[in-house]
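Structure incoming, see below.
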Amino acid sequence: MNANIIRTARTIINVTDLDAAKDFYVNALGFIETENDGEHLYLRGLEEYHHHSLVLKKSSQKGVQALGFKVYSKADLETLAAYFENINCPVKWFNKGDQYALGEAIRVMDPHNIPLEFYYEMETVESYLRRYDKYKGARVQRIDHFNAMVPEVESVHNFFINELGFRCSEYTVTKDNKMWASWMYRKPTVHDLALTNGHGPRLHHFAYFLSDPTSVLNICDVLASLGFSASIERGPGRHGVSNAFFLYLKDPDGNRIELYTGDYYTGDPDFKPLKWDFDDPHRQTLWGHPAPDSWFEEASAFLNVHTGEPVTTKDSVGVQKKPNYAKY
Amino acid sequence: MNANIIRTARTIINVTDLDAAKDFYVNALGFIETENDGEHLYLRGLEEYHHHSLVLKKSSQKGVQALGFKVYSKADLETLAAYFENINCPVKWFNKGDQYALGEAIRVMDPHNIPLEFYYEMETVESYLRRYDKYKGARVQRIDHFNAMVPEVESVHNFFINELGFRCSEYTVTKDNKMWASWMYRKPTVHDLALTNGHGPRLHHFAYFLSDPTSVLNICDVLASLGFSASIERGPGRHGVSNAFFLYLKDPDGNRIELYTGDYYTGDPDFKPLKWDFDDPHRQTLWGHPAPDSWFEEASAFLNVHTGEPVTTKDSVGVQKKPNYAKY
Amino acid sequence: MNANIIRTARTIINVTDLDAAKDFYVNALGFIETENDGEHLYLRGLEEYHHHSLVLKKSSQKGVQALGFKVYSKADLETLAAYFENINCPVKWFNKGDQYALGEAIRVMDPHNIPLEFYYEMETVESYLRRYDKYKGARVQRIDHFNAMVPEVESVHNFFINELGFRCSEYTVTKDNKMWASWMYRKPTVHDLALTNGHGPRLHHFAYFLSDPTSVLNICDVLASLGFSASIERGPGRHGVSNAFFLYLKDPDGNRIELYTGDYYTGDPDFKPLKWDFDDPHRQTLWGHPAPDSWFEEASAFLNVHTGEPVTTKDSVGVQKKPNYAKY
Amino acid sequence: MNANIIRTARTIINVTDLDAAKDFYVNALGFIETENDGEHLYLRGLEEYHHHSLVLKKSSQKGVQALGFKVYSKADLETLAAYFENINCPVKWFNKGDQYALGEAIRVMDPHNIPLEFYYEMETVESYLRRYDKYKGARVQRIDHFNAMVPEVESVHNFFINELGFRCSEYTVTKDNKMWASWMYRKPTVHDLALTNGHGPRLHHFAYFLSDPTSVLNICDVLASLGFSASIERGPGRHGVSNAFFLYLKDPDGNRIELYTGDYYTGDPDFKPLKWDFDDPHRQTLWGHPAPDSWFEEASAFLNVHTGEPVTTKDSVGVQKKPNYAKY
């Protein structure tokens, strides 16, 4: 399959209370609200000049509608559609305008039941990169990646690497040499899509890039001041993996968002993936407090792109669930 | 004279346009507006729990009404009043409430025609130290010091050191051993009152302490975004003197405010003043661009506390006006 | 008792391995090594111009020899000595030179068995405040305070407030109105000596001031890179109490050191202590992971200034040991 | 021409004093010294896992030997060689090993007399990304771009855009609609090669990416402490163009290096170049002091890849030399 997938582009998530979501994402985190029609909140980061990178849709059914990737052109979209139909993954087409501010798009359940979206065109708006008067909260710069929790990492990894043309930047293996996690990319950063072992498929988190570490500290202070302390699930700390200085938050519906900085360049053809041992304590946390249990257990449901229903999930079998160190 | 002067406490400045002043100090710099009666703007820093540390009074007559210092008690106020009367500096008394939110106070023209105010009591309000949702712009923490430009530094220095009990942290001398500048303190920081050689007496600037260097950078970005680039007169850079990481701004009426961070502790009795040579290029600017001419020439008029008229000023005579290095 | 105690000035601690201590304090944390005679390591912060603020003495007997405070003059030392003798706390005198680089000093076990030292004179050395080429690791600026764990906080608090002239900046009370912790100061910052409820008397930690939050993050990265991850016990995070952005480390002998920034000014006579409820989750941690159990249980032994033996300790009785919130 | 040029990859510069160069680049700026054979200094940034991105070669002839770009494969190298030969730009071939640590390479004088190098292979070494104990000075992360000063921007711009497949992120035009500057990229950042109007062709500067703004401040402090204040030519400040938070330094031979942070993502096909008016004061400096005259006048000679001699340069004709604003 030869389609040019460019990058992680937008997340579409259902939320039960749009006002609560706005309070969290806009008032606290400082996302820019491009539009709000009372049913959908269209949000973007400060640097982004496309209409949105996050759609929060009001719904009584929680869950993630799709992980959206931008492709290079209409031809790439057609290549992808043909590929998926060919492997018996029915494709759902959207014409330009079917989705607000979006051009033609397809949605599909991939072979491992992850809802994917691809499109090549979205309306553009003003970038607020130089509008520092609008920087607040986490000073969210731009969407960066998705992290999916799946019961069997290696086959999903193989699918994205071998079929969709992703490259691997880092990966983790357990003592018995099973792949426990994988970080894969299309744009030359550490990841567009990461995979973590666990009950799934579910969305572990979606992540935004911040331009410096002080923005991570600032949002902690602001969240605490606004009564959102409990939304801080993990961090701040630094992962060995990806070198990320990170903060993990739970939104009012329990969806996890990562705010991070500290990426590196992966665009050279001779770049070699970095292998980590699962029980290397520096892997998950170069420094910082242990991840709480919720971090290994909780994730957001994926919704079937055809039915809107949560997909069936299962436990990972025969794989170590958490690292073997007291302070992980 | 034995009165316990605690610290620099408030600046009272006339401004010609209260809305423009608010736009600059509150909307851009992020001062907290305690009250605004349409004639006065009462402002404070994030940490401050007293009603204000800056009063901007609407007036067609520009200038600085007084440099306000906090004293320990009523007894200290009386000691100061008696002292000034005794040296033929008539004292103007204010009863509690004569000035909004303030207790008893005196104002006096000191022997070198600098308008001083002393008081021991001001209404208190909530400190926003832990209200990080209110941190914006320069995240102004608290008032720190005044800097007066005077035509003959040494005698003013001697008055504050010998009569009012200030201590000297750093000072600058010219090649012919004339004192060119002096940094003096009561609270254990680098300064409550600094003196700079030049046409005066005038107020060179008043200064606020910021809690970290990134706040200095942030306000530069915000000022530029809000159309206030021209208000940035000098910096950011680091002074050798005081180790300050500084930024000098001109408000819409041309009054200069310094935002800085990087102070140090001066509270030990064996602390020795640091002497600088005027032509040492590291003195004024450890690094950073040269100060523009305006920095050596422009300052705010002091107003006579009795008449409200600008005080007579004169040039400094026989003293080098600017440093002798191309890149100073 | 009317002696003028200026501030927290030096900690004297026994360590079992001087090389390991140097590796931690000098190579990792970036303390300046003033001198090292093979038996003692004399260390100071970047800003400090006194010979040292930390003495690490090689000894097979772990423990804290004394908490050193600087007083204003010889007269103050004599006043303190007379006071302690009068309340039956025998005073041990040191002549100038008896202790390296130090002038006259006294040591005494206070009424609650805390080993205190007072002195007014120490040799001076160069301040490295402007030597940024020497800034590394945590960029440690200056000593700030001690924190003692004591079984009954209120009586110790009363002794320091009523007898030694400390002031209280913040304090914590339990539901049944028992004082659980107190922050007390002489210099106008949040604390020179804090008290925490627990098995004691023991030294909970000694603390150094850093000039900005990024120094806290930097030392985490450096510690992890140098193999000292396990020395990070708690943080980074922000206390509600004192507004400190903090990091707690254990040195190779298990002594706890706090690195922090984010202090505020407490020097006005009308400053009111801030009261916190023990179970207010924002008190201990405005944000950040819960303190581990070790933080409530482990502390360093105090050594008797006369015998060199560890002092007898006891449990706190009838007082809640930890906060009642899951995520404290 | 269809070759896949990946990114700016290495600068090769002659310097007259290798020890002085090492003192500046390694001891002050904190570059990692991969190797030093007494004739060449091979340097890299903290993140870089290739052998070097900067070669300083000892020579009595100052100047820039070549601007090195990495290409995807040997085939791309051959495509480029054929293309240049075809337009009468003779190609100089290097076999693997002819240049230390480098694979096959070509060098060529492009049609505007800029010395270019292309290669697809370099030895790899350890990345120090996670070795925070080695972070010092400017904490230089990775090479980012070149900036060439040329007498006629538009034709050079057209060559790189139309022939070599670069894209334009931002550009500046004068009032009479002449292109004054252009920022062009291959990797999805603001630039790999920028062009500035002026006497040339010469190398205006080469630039390294830093991971945060505090690293820019830190290197200013360190340079001042080590006696390198005079090496700071311009900044810190923020460009409107590219949103860069920048610092420009002159090395001991007068070569200019930019340290900067604050880039943004340009990788989408619908990304539109941003057009700036030359006299827009926010273009060059969103905030910060005016650029000194040296910044418009001084640059490093390019050396002919065949003869080693400095290339002939000429003035730009009929183009405004500096912006028309007092404070530019």
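Should a chain be cited, it is by its letter among A, B, C and D, assigned in written order, with residues numbered from 1 in that chain.
We take it that a residue touches a chain if its C-beta (ideal position, glycine included) is under 8 Å from a C-beta of that chain, and two chains touch if they have at least 3 such contacts.
This is a predicted model, so every value here is computed, not measured.
Visitor: Please identify the chain with the largest separation between its CA centroid and the CA centroid of chain D.
Guide: The most remote chain is C.
Visitor: Go through A-C and C-D and name the pair with more C-beta contacts between its chains.
Guide: A-C
Visitor: Can you give the whole-Å distance between the Cα centres of chain A and chain D?
Guide: 34
Visitor: Taking each chain's centre as the mean of its CA atoms, how far is chain C from chain D in angstrom?
Guide: Centre separation, chain C to chain D: 50 Å.
Visitor: Nearest whole angstrom, what separates the Cα centre of chain A from the Cα centre of chain C?
Guide: Each chain reduced to its C-alpha mean, chain A and chain C end up 44 Å apart.
Visitor: Residue numbers in chain C touching 2 or more other chains?
Guide: 130, 212-214, 221, 224, 286 - these are the residues of chain C that touch more than one other chain.
Visitor: Enumerate the contact residues on chain A facing chain D in the complex.
Guide: That would be residues 6-7, 47, 50, 70, 72-73, 120-121, 124, 127, 129-130, 141-142, 187-188, 211-214, 240, 243, 261-262, 264-265, 267-270, 272, 286 of chain A.
Visitor: Applying the document's contact rule, which stretches of chain A touch chain B when the two form their complex?
Guide: 130-136, 212, 214, 218, 221-222, 224-226
Visitor: Spell out the residues on chain C that touch chain A in their complex, using ranges where they run on.
Guide: Contacts found on chain C: 213-214, 217, 220-221, 223-224, 229-230, 232, 234, 236-238, 245, 281-282, 286-290, 327.
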